[in-house]
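Since the structure comes first, as structure tokens, the remarks are kept for the end.
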């Protein structure tokens, strides 16, 4: 479990990720990957050991939802719920390729039923509900199932006095579910508002990319909003903006670093420090007797 | 009936009508063959008009929703409401003219009106960014929402936008943040919220002031997660194929009613609301008042709970194993 | 009572200002005034008839606190309270000229004990507490007495379920009372917060000039913030800003119209329409049974 | 004891000290007259040091409050607190570096820290606008205040600013609005608020994060309605006469205690806090913790009422007839 060791070493965490999971990328041994940012090649084994952060330039490679959760929660504490919840095709959407087929392929490729994992866990000794999105699954777009799973996760947090943690990555709303998908923005935002009323903490971690209807709903409504370095974060996609304003976008536009400068994020936190930061933030926001205290 | 602006789907009909006008300018009494032809053309026009307007395609409805003569929020404010007091500004950055907020009286109800505001001409449209708000606009709307909440005034919201503005400054000032905060705020407002889709219902920019207790859609208004052009551009790499996807997206008033998203549809005159705006105004006013009356019967806690249940129920999925 | 007639005619108000008051400026009959804006001369009688708005260019001349109240409230309804409340000189401030002397002169010149009038009144049939500042009195700066009178006015509104109306005009905090003056910002803001919690309406009307500690406290905390055309509204004075940024200020900077464009005001309302607008706004914000209903 | 930066009022003393150093470089044993002179100079220096530091004028204290080596909020954060998590941004426009907001732990207390942040060098000072916030800074502080309120964390606020930034953009983005809203928000926060004047307390920009339940002033910090320079500029049309008005404004820690605005004064080492920062840190930490402990004994309603009564009592006037 190289990635886990790496995190333990860098962070001196008192908890360790689950071992033996699918933490490694889906590539055979001995394969080399090319870094999107610095274009250098990296041995896959080295990349895993570095937590899938480029050892040359610090570029953060994508993680699966399972990897995300493993990296953040106390060892062995994650218990998924709503695992079977799956999207349907209420619009019978079949422009270009049938939505039903896209879903099936995504399920086969990821071994997931939908673009998000949700469940109970411990994080730094705090009781949490954690959710993580998986960009491989139809771009982690939010349809009825993703919206429902997020809403349920927030409702479990509310019912059980847990903190909510959501790791986002999404192209936005899932257009193949039309207006039902748009309305998940309203549904999830309403659920966040209820959790906030109850004084329970919610921390989001925005990873590359977090766009459209996901940014414009639950993702940015957290008490503390963190982001990974280099993540693209925004509402409109860069292509649409370029078409509208008829000019090239400035360098770094919609990057986590730029959004931090523009006051939109609490901080940009390198992957290696995320679990530690989350745990510390929860120490502050969950200091009530029920919430437990990680110290 | 103004014909200044011809929508794509009306073009065959308009061409025949122009032929008929031309034929009629000839001396028909001298030419019985021509009289027959005119008569045939007239019935063909009747048939085509019937076909065109009685079975409007989703794409045709999108065009009607975008028709420049279609009544806009300022027309509804002038026709339905009295004692209108416009409120400006977000107290933070600007006064986005793409959003109007006002205190206004509808019949015996004092309410807060929100709306996307398009221009009635090009100059106005430029000032109002064609009805596409920046974050300032949503934050201005949030101010009005809080005022409504504080003083117990129902909210009536008119939806008519292609969507939130996609631009550098809009992104940098937190377009997504403004929309999200607006949604959270509306979800807990302790007053009735009635939304009326009067034209375009473009994605998050429409929803940001559209979340509510009751949604009334005009027959030719639409509400969609994405514009048909953007959808076509993603699917076909060709935005001109918007007509093909407009149906797939299930974005018409009829679709919304079927999907349980809207509560009622206001029928429009043949050809669209701009053909008889007064009739539409009168019907919309009646429907809004009925909805507000019905919602006002609930106390605030019930109202907020009911709204949550309503949102909570949206979505089609399977529990699985 | 020319000014009253003028307002009645322009506004078709159902209430009329008090007659026979000191509504005219302190100049003998037959005198001409020069408009600050268009530099044209105006016969004083004409200026009064026009509500002290320049008939040539619409420039709004200053009004006294008494004139302000007379222009806004239902005829004969104003009953002043705390009229005797006066400033002291707790710092024994005497740099250049003794503060005590400045106070005495202001009192002699204005016939007021302090820079603000406060009292109960009816406005469009609504029960209100109305306050108006008078720039002639030490620049209507806010010292202990002004802060106390505003706070009491807000507390009377709270206790009696009245709307609060404040017409501001001020150079800012009264430096001759030092830190005590600064703290009136906190005191008045806290009183506004209490009124807001009770769901009672507060409308402010910012007139020329409204600056410094008055703008940065109760003036802009109203539910609806209106301003007169051309009023200068801001925090820092233009001279201080020019010294800091070492460049000339743009035309119209800090004007009511500019602040409206920048989202800071609900509207800019010409003097002739103010009473009508206020009354209408109160119709919306006081529709509860206790609040009365002007219809 | 660093002498890099010499304050105006220290100059006579520093000059004598330099003379003494120069004299001592000479061969004194050969010159008994010079030895007498050195001895006289040394006692004159002692006398002057005593006079300079024991009876600091208000203007001298202002200079100490502004001394570049004076401990700043970042120094207090590093020295007094552990587990500091800085929170950035106002969610509206920017991340004003002239204000710092953080979750932090003080002894056994988890708190939210607010502070005006000056730079420790020129480059930092430019980024942080010399500690003078824009509206973004106050709005960022308001976010932190709401977080404190929601999660029951006491607020500890370090005041050190010449004042809110006077500039075009600051005015246009609502400098006055941001300050006013911050005051209203602080007045109703349901957690203890302890403010500490560590340097400059410039007018509304200081008060905007300074309104609270308990005010601790360092001996040489000041808090004033207006800077002495601006006051002199108004009164004498000459900002260089600031020294003359510094006393009139009653802005020193001693004045504030006498006027009932502050609750306690933390004594500083001779010459100012920068001469023994560790001693100051330790004393300030003790005092903050004692204040928080004492305030935390009240429930939230009591706390808010007590704070209102405290503000309500400020002012000196006469009821009159």
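Going in written order, the chains are labelled A, B, C and D, and every chain counts its residues from 1.
The rule is simple: a residue touches a chain if its C-beta (ideal position, glycine included) is under 8 Å from a C-beta of that chain, and two chains touch if they have at least 3 such contacts.
Computed from a predicted structure; not experimentally measured.
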Pair with more cross-chain C-beta pairs in contact, given A-D and C-D: C-D
Distance between chain centroids, defined by C-alpha means - chain A, chain D (Å): 42
Averaged-CA centre spacing for the pair chain C and chain A, given as whole angstrom: 53
Gap in Å, rounded to a whole number, between the CA centres of chain B and chain A: 34
Residue numbers of chain B (touch at least two other chains): 91-93, 173-174, 177
Per-residue overlap in chain A, given as positions that touch at least 2 other chains: 196, 220, 262-264
Touch-based graph of the chains, sorted into line, ring, star, complete or other: other
Chain pairs in mutual contact under the definition given at the outset: A-B, A-D, B-C, B-D, C-D
Complex interface listing, chain B residues touching chain C: 83, 85-96, 103, 110, 136, 140, 147, 150-153
Interfacial residue positions of chain C with respect to chain B in the complex: 196, 199, 201, 220, 223-224, 260-267, 277, 280-281, 283-285, 287-288
Contacting residues of chain C [partner chain D, same complex]: 82-88, 90-91, 93-96, 113, 143-145, 147-148, 151, 173-175, 177-187, 189-190, 192-194, 196-197, 212-213, 215-221, 233-237, 240-241, 244-245, 249-250, 253-254, 258, 262-264
Chain C partner contacts - residues on chain D that touch it in the complex: 164-168, 170-177, 179-181, 183-188, 203-204, 207-208, 211, 223-226, 230-231, 234-236, 244-245, 248-251, 255-256, 259, 261, 307-308, 311-312, 314-321
Contacting residues of chain D [partner chain B, same complex]: 91-93, 139, 173-174, 177
